[in-house]
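First the structure, which I've put down as structure tokens, then a few questions once you've had a look.
We just call them A, B and C in the order they show up, numbering each chain from 1.
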């Protein structure tokens, strides 16, 4: 039997009253569904997302191509859907990875306190004080084969996907670490932590069974909010030619092409950017709504 | 306070040293090889020449030895030549820093000039239409991809309407007005992205202050709404604002990378990007390090500002 | 002094904390003697109450006896086994014999855990029971503290303060410990609920053969539950004795001041004068000599120079007092001042 009064359930019930966040959630749900169904649309439209048709360059919207075609005659609508798959995948995985890193570091620092805390937080502060985007660009530009990775893997299509998840997570955990550390620092003073110690629990048990569950709501909010940020970084890097590599479609690299066609076909630049904007703002509204739901006293 | 400053500076130095090694290592992992590039540009070079050059540039040594050699040279001021520009690295960096400062400084001032009155107004009337508007705009700002916004502005104002130049800087010798025309779009992009968050921040710190007792007292004494807001609230509400802005200032030097690249604005961001993409190892290394140093400096300044402005903060207190 | 069947015994127990104090220019490292030179014996089956003002070190002493703090100095034996110098790993198996009831029933229950998870947690570490057996034991304990079985699936926020404290008590008893430290177990509760919980603690003492260390600042509550009472001041025990002996014939001026503030407990309260002002001195820089002398109406030069030790105040030595002038202090007429707790 399930108890319907768990703190999480109560918070979700409050969340459903938050209109903007609910709408954002719906929008994202639709977007995820569309992205997942991209192959079905390929069948339905009878063309592949990467099918080049030079006779059909830069067409306007039509029944065959709902949003027209790009400079190589590829279907814009399908490429947007596939771009969405990439952005959402990178957003989710990189956000989850960076939250995992941030949580482990923040939890360790906050729970143990003292020198462990001082060292870890100095490290975090130093990370925060680094120029993020330039560093991301350097890391995105490095030649993986020089690291001794197998050539076959380096040249595979998906490597740019994993690489971007890795580097975004590498630099993105600092906010979460601070957040988790602050919360853990106050939670460890609560008497239930002492009670757990009295019950014979180990540090690890206390950290993961007592402190962590109480951090669930800020962590969920942090993940949601950071997905938006990750998608922005991913599309910026792809736009600069350092993220997802063509011919794999991403909203960012679609805009790179659009920039070169800005005199010829200005509308090309509208859709991918709009998709980024809508997705990111929806995640931000969603995170904001979740925050309100978890902490009803806090003002926005 | 002095002890704190020393400790913080020492920490920053350690970070800079560490980062210089990391960046040095990363640059070494860039695609291409400086000697190969030289060789490909000069068909008369023999494999023996290549080997000799490798030895000359220490490229046959392990990375940490190369790094230490480089560090030694860097301390004597020998930072090398930029391959792309054919000039000493420092000569290239100077003008880039200046144009970044011009661009970012202008954008920063414009954004603040809008954010402060808007934020204060929103705070003085919580839950008004303006208040919600500020909030919405802030969300839009942090959610807008700046490169897309730049493209859209360019499409609209340069391509469709033809009012403004699509990038670059004014030709040498042109008047102030002409120079402003080139700056307008990059500045507008940066302002639009940031002004919402800034306003929201001003609003938040104003609200905090307006809740304080002495504001209530001033109100109870019969001071008008405006007097209360501007006289009492604003001054105290500025404390956190200044801090955050100082913090932002640190990232200003490299934060405009995308906007500079799109509008071909010859600043630090574009320089970093071009040097990385153009295999200009010496330039990329120094430009990145400079960006790191400036960002760290900005953070340090922010902390000091915070301490100076808020007498309640005792710096050096243990956590 | 009781000698046979001692469950918990301390000799010269001390706890020091390091802290930093502002001195105008910066921060200075100082040591706080939270508990200083405490020697106590707690006999199996009795309830020893520990009373004193907040900050006197009673919670610190309680946490040492319940194995949460490691003593800085001195001996601590539980069931005759020396535990003062044990490493955390060696302490762990002893925890099942010593449990704690906390003051704040909101903070001492994890809001994300159901009552079942809260109650069965100790069993996970100290028994080989399976989930079903653990649940049965939890239900048993719920019954013992007067809560229905359906509480198992609920979360702490669904209970009132008194009910939560019942859960806290059930958790403390599920391992059937010999010794329970109750740190202000009712002070966070409404007055109407306090007596219910006190009676529950009394009943459970019989049912589970418990020995309590009962920490409180409320002398009325102490009188209700305690067999013996120890009075603490600035980290030291200044008077200890059988409840009735101590309440009716307090020998230490501090104990007298404490008792005179409680209506209906002290027989001679009509003669009490004004309220003693001032806070107790800081344990960071305790006064030289007797710690109570700056507030004591009987203080003389000797009190400023030498520290009194606990000495027998009655024929069999069950009542002990640390005061140079306990003979003069005896009797109702001397005390004119009152400490407000």
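The working rule: contacts are C-beta pairs under 8 Å (C-beta built on N, C-alpha and C of every residue); 3 or more make two chains touch, one makes a residue touch a chain.
Keep in mind that what you see is a predicted model, and the values were worked out from it rather than measured.
Trainee: By count of C-beta pairs in contact, what is the leading chain pair?
Mentor: After tallying contacts for each pair, the winner is A-B.
Trainee: Average the C-alpha coordinates of each chain, average all protein C-alpha coordinates together, and give the chain whose average is closest to the overall one.
Mentor: Per-chain C-alpha centroids ranked by distance to the global centroid put A first.
Trainee: Could you grab the centroid distance between subunit A and subunit C? Build each centroid from C-alpha atoms only and quote it in angstrom.
Mentor: Whole-Å distance between the two chain centres: 52.
Trainee: Please tell me the distance, in whole Å, between the geometric centres of subunit A and subunit B computed from their C-alpha atoms.
Mentor: Whole-Å distance between the two chain centres: 23.
Trainee: If you average the Cα atoms of subunit B and of subunit C to get two centres, how far apart are those centres in Å?
Mentor: Centres of subunit B and subunit C (C-alpha means) sit 58 Å apart.
Trainee: Help me check something: in the complex, which residues belonging to subunit A touch subunit C?
Mentor: Against subunit C, subunit A makes touches at 1, 3, 5-7, 190-192, 194-201, 210, 213-214, 216.
Trainee: Mind listing the subunit A positions that touch subunit B in their complex?
Mentor: 117-118, 122, 125-126, 128-135, 137-139, 141-143, 146-147, 228, 232, 235-236, 239-241, 255, 258-259, 262-263, 266, 269-270, 272-273, 276-277, 280-281, 284-285, 288, 299-300
Trainee: Given the complex with subunit A, which residues does subunit C contribute to the contact?
Mentor: 66-68, 92, 95-96, 99-100, 102-104, 107-114, 121-122, 125-126, 153-155, 157-158, 168, 171-172
Trainee: What residues of subunit B sit close enough to touch subunit A in their complex?
Mentor: Contact set of subunit B toward subunit A: 11-12, 15, 19, 23, 26-32, 135, 139-140, 142-149, 151-152, 154-155, 159-160, 166, 207, 250-251, 253-255, 257-258, 261-262, 269, 272-273, 276-277, 284, 287-288, 291-292, 294-296, 299, 319.
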